[in-house]
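For clarity, chains are labelled A, B, C, D and E in written order, and residue numbers in each chain start from 1.
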């Protein structure tokens, strides 16, 4: 039984005097307790919008959310604002990309952590402070007592991200969404944060949605990976299979275009041509068609459907044929 | 809002009257003052040996009941009123009177500055130290009731000049106690003694109570020991509101009971609103000054005549000045001694003006025309509009104007006196009804703002004005002045007399008995309210 | 922080020093002068010259300046010549300053009381008619010359309707003076009618004076709230499920207030120094009126003191704003 | 093998639509502005007044200096020429046709606004560019000067500068108003110039070996101009109001044959109660023009603000 | 990587060096003061770097954010004046150059920036961006010629010639970076310093630019100094790699050698931290997790800069003595006292307590604490 069921989620941005724009266009996936699900894709493919839609954090005006998001049988999309507030922070936690701008610069870290505890666990400030200290300690912040009274700008990047994680985990949510939690950080710090997330998820059976554009991060962390393109999931698989045999030309292209530390040097990279700007709408086509090396005529006439084979889901008319690699 | 005093419910006597004044008094010792704002207070608080008859500019007895002079006009005996007390309770007597004369005469240091003791210097000349000749020689106590004042020569002004507020009688005790003569020039300012700032002590119907500088309110109270008819009001307040419109609004909103110098344009409206608008007799003159110094063409009488004929003074007076204003035929109003009723009026005729200009070879005359900003004067309520009207008339006869404006204190007066302008707007409000105070001041020195020195008659005119002034015989003096007046307008025309504008004051309906004075020397003691 | 404060104070001294010198020279190079103001049309060339010499105004400017400095150091900044003859410039300042302070305070309170809530509401209702009306209204507020607005207000409410007094700070009620702040005096002496009377006198001028600060505060608040609403940390706060109230108060308003506080400070500084026209129209006996009159009468001592002090106040208020900013913004505080 | 033509067509067609013409930032801002009602309102107002100013001599029914109705002015009875055939707004205090004066007055007002802003802008540009481009002690010097100037209330400064001129006329007003604006422009420009100095594209230009002067004038200056342009539109409004205040205070052009709104407003003060029109018309015109410029300025600011760019 | 450069690996001859850097230091003064600014300390952004880049090779520089990579790149071009040290470019000592000669010299060294948008003047069309360099060095020979040259340039970076009339904001990130590259190429430089040329780009676009750079090198015989924090990219593109830590070079080697046989503890940790898109490898991998953050360059640790985070830190020597960069194997230099011991396993890794690193926002005392400084500025937004 999945903890979170996302079905056919769509988000349409409608701005005054502009064409409606579907940032997310029928995304479905499940997350089971203790499982880590990855959402990968290039910038602008709808990863963040998906996560915000799940959290109910999209702007009320201008964004139309469709489909269904079920959290343990509760339809989140139909909850009232107040009910959703009760859920957020308690059942659903979220960690954002830029730890500096995601922390309120004028409020001490301690208050920012305790306000969740006060809100959802009804703790008095004093007790909450004790708890907050433990939390900071748990996420590996040295000298947590002192940090409670400090302001975000006084922390280093890694510490800020840890504080943000502590906040998201304060009420032991069952689902944690991490939206590119390490993109703004250095590799050595990224490794620390990823290790921390991994440990936390394992320890607490928390379900984790990991959003990133870095396939490497996904490869090390996720159980299941969703590859997004132009607001739709184009391929999904368990991570070993997906990385071993990417079927969608986009996934394949991504893997081929990034230099790998472990690959022998001297091989030329194979880039995907064009850029996201070349996308065409999904309505009667495959959005990736203009950039796709495998594109067929049908690709610009018929929208490919999501087809499943075994543990794999794929949205492609002409998947990559796996040549047997050494 | 000001009727908080319960004692004033409809009663004829008592109550507080608040009168809107236009300027702040510089100080309260009138001897050191020249400003109308100070004098307005002085006139209620002080009295002089000589006074002016209510509603006129004619001198009459006040603290002196009568006076006699020797035939050469050099020795004057004043008989003093008895039973007069100063506000501090001391007696006014012959000693006190001479004390005042001697105080004036014995000024030291900054007190000798013509800007500090201006009226003394103007009328009496020098001081006891003899640096400059003085008209005053001595004052001796003849007996308890009489004093003798000796002069060094005769003067048309004496003894009327003693009616000026500056020469009011002040309490010797108070003056000594509060160091009245201790005027110091320090840095770029003067420091006046406590007497002048806070302790003026006279014999008048009201005594000084307080000056609230923050609220610009001068409070006077009835002097119960007054020797004559006691003041009807309990309190008399002068509220200083510099802005004319603000004064009007203060009256309309009931903050004050009356105010001085309503804008002529408001008279009609104020009347229909049920206020009394009381015009005074005109005691001023506005003229269009002509400086002969820089522009040689202006030295030509025909050109000056043409300028005077180009101006439609009738219309100017009718359209821009108060209702009772009149066109000036000469440089002083009717009530001044020496006024000549037979001066030939200047004709308005643009054609003749043009012809005259052509004749003088000045058809394309170009002049600098100055008018002052940041000022209104009783004789010149709105300089800009008056300038506008005159400028239009002058342009009409083909005179080209370069217009210059300066703030009144921002160079206008200074530079006019330095003879920098060709044509300029200016005027005069008289102190007394001696012609010397009028044309004497204007033309008595050939290096004046008109630079009459440039004309052949300039020096001569100055000399004859002096001679008239020291003529002891009143009738003859008057004759001399009349002739001078005629000549100035008909033959010299150093400037163009424009108008006499009577300044007015406004009162609420229920304020009675404030008699207008041409010298703006209204007495508030008989005034009642309600 | 301390070092910063000291540094700014020293800068202030520098500015004031330079300003006083410039001002001194400049005032004296203006045409006309106190002499002509003192003598009026009665003056002659000769009497002017004499008075000029008596007042020492014929000496070279640097000599005058050093004499002035010498006297200033002993606490003598001169005595008013035309504004309030006989009063020392410092006394005049001390007397006028409370009035201006009272007025500016009322104006800024009005501007804040209207500007912040309306700005906040406009931001929340972005793009709707309320927002648009607010924005255009605030622009009109900036475009109407203050003196004209003052005039219209006075005309309508004081003259036509007679609801409020037209001039001054207080009617001639015998109120007790303690501090020079009339409203405050009334409160501490319990003279409530004096309090009310002073307030009545303050209403119109402060409305006139409040329009520009109001417009500015409104716009800044609106812009700041819009900015903050887009900030990541507001999203974080929402993601923590905090109640709408807490989000609004603790996260949105508190951050949006940072630029607003600066603005308020700067506006206050400008008001303190710049209420000239309004005070003139309402004959309100404050610094501005004294300044205007000082100019008219060329009252050097008063102008010197008032302008320098006004500049000092302005710069000082800016410093205070900077420092108070540090109190609310920890990023600055811990420097 | 799949036929690629169709997809290539598609790709190139999408590319084509993007490529045809270059759209500079200014052009794209203009596109946004054209649809902005606030901007349009402001622009229409200004255009209207500019037209009026240009055509005023033709539109004005009478010579604004001619005292056609002088005999109808009786100040003492508070009479000024009433509305009458040929004089749709009556006459002023000197019997001149008020409507003509109002029309022709737009010339002076706009001239003052535009010239004052231009002078202020140029002065500010020079000071700001010097400070921003040279840095160091030049910068400190200029900025301290700016501090001193800014520490005096602007109107007071304008008034006192106005007083300095021995002979006032409309150009002294312009200069007085302009000088007050200089420090504001200088500061604004210097700020953005300093930011530009450390920006990557300036660094790139330096790396490219572009001459220092060219860097300042081709890169730093143009890129710092955005806020300055916005400021100038706002200053236009401020200048008009300030100039009106100066005229109102009697520091304007002394020769009132050349009508000017501020002066008309100042001159009508004494009769505002009985003839409010004399004050309200010019005041209204000032407000509307100032509003026009403010509306334009504010919407310009919004349009140029990168945050509002999609 | 392309073949010719490959052969050079490991053989260090000074003769073929295009640019040699000796003891380069860039210290930014930290100014504070009550009245006058006094220098109260320095940010030791670059603190003594020696390296040389050979003609035709690609030298990669990696390191964490704030370690001084960009500053080094700029100092190399004399865009930031170096505090000490010498940069010799093709036999010419750049430190002695000033004014016009320096400007002329700039033609030969070009730079590509990380953020393609901010490094392009938004107000200039692509054409004028490109022509500018030509003008500056009098390469602008007639209209027709120039326009031909521009077209060539655009073709070589893979942009249509219609791009000339467009403005930077109308392009996608990858295209903008191509414009940046084209700009660098206009003046036909010998050396290109690329400061994070692909970090701001989408993964799928990164490869396009990387390939472009490689192709251009092949065609034009360029020499690259590539700065990046992404080890994989650097390793891919470079012949030799230098690893920077806190203003200093800690290790330098041929890129294969470095990956296969990292000697410095920091390099080891860095390599182990880079995620690899291969689950199998990821599952297997032994990670060296460094404790804490990079110390502030304003207050660098004594001795070995890395000792505060080093799992192999040894008492005393590491804390006090700054290790020099020494050649351990041919072409493989490392700045660690115990490199051999660690390699041989004689020293074991141990736990490290993270040390508090205070973030430093470095605001100068002259910046007003508040934003706007005048009323008109306030009228702003």
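To be clear about the criterion, a contact is a pair of C-beta atoms (placed from the backbone, for glycine too) under 8 Å apart; a residue touches a chain by one contact, two chains touch by 3 or more.
The shown structure was predicted, so the numbers you read here are calculated from the model rather than taken from an experiment.
In summary, the chains found to touch both chain A and chain D are C, E.
In this structure, the chain pairs B-D and B-C differ in their number of contacting C-beta pairs, and the larger number is found at B-C.
Of all chains, the one whose mean C-alpha position sits at the greatest distance from that of chain E is B.
One finds 53 Å separating the Cα centroids of chain A and chain C.
As a whole-number value, the distance joining the C-alpha centres of chain D and chain E reads 47 Å. Work out the mean CA point of chain C and of chain D, and you get 26 Å between them. Computed centre separation for the pair chain A/chain E is 31 angstrom, with centres defined by C-alpha atoms. Contact of a single residue of chain A with at least two other chains is seen at positions 153-154. Shared interface positions of chain C, defined as residues touching 2 or more other chains, are 30-31, 142, 159, 270, 295, 329, 331.
The set of chain B residues that touch two or more partner chains comprises 374, 406-407, 410-411. Residues 11, 14-15, 18-19, 22, 26, 29-31, 135-136, 139-140, 142-145, 147-148, 151, 155, 159, 270, 273-274, 276-277, 291, 295, 307, 310-311, 314-315 of chain C are the ones that touch chain D when the two sit in their complex. The touching residues of chain D, when paired with chain C in their complex, are 38, 144, 147-148, 151-156, 159-160, 163-164, 166, 237, 241, 244-245, 248, 265, 269, 272-273, 276, 279, 283, 286-287, 290-291, 294-295, 298. Those residues of chain B whose C-beta lies close enough to touch chain C in the complex are 1-2, 4, 16, 18, 24-27, 34-35, 110, 113-115, 118, 122, 185-192, 196-197, 213-217, 237, 239, 241-243, 246, 249-250, 252-255, 374, 377, 406-415, 417-418, 426-428, 445, 447-448. Within the complex formed with chain B, the chain D residues making contact are 65, 67, 70-71, 73-78, 93-95, 163, 166-168, 249-251, 254-257, 267, 269-274. Touching chain E in their complex are the following residues of chain D: 15, 18-26, 28, 150, 184, 187-188, 199-201, 203-211, 214, 218-219, 222-223, 231, 234-235, 238, 301, 305.
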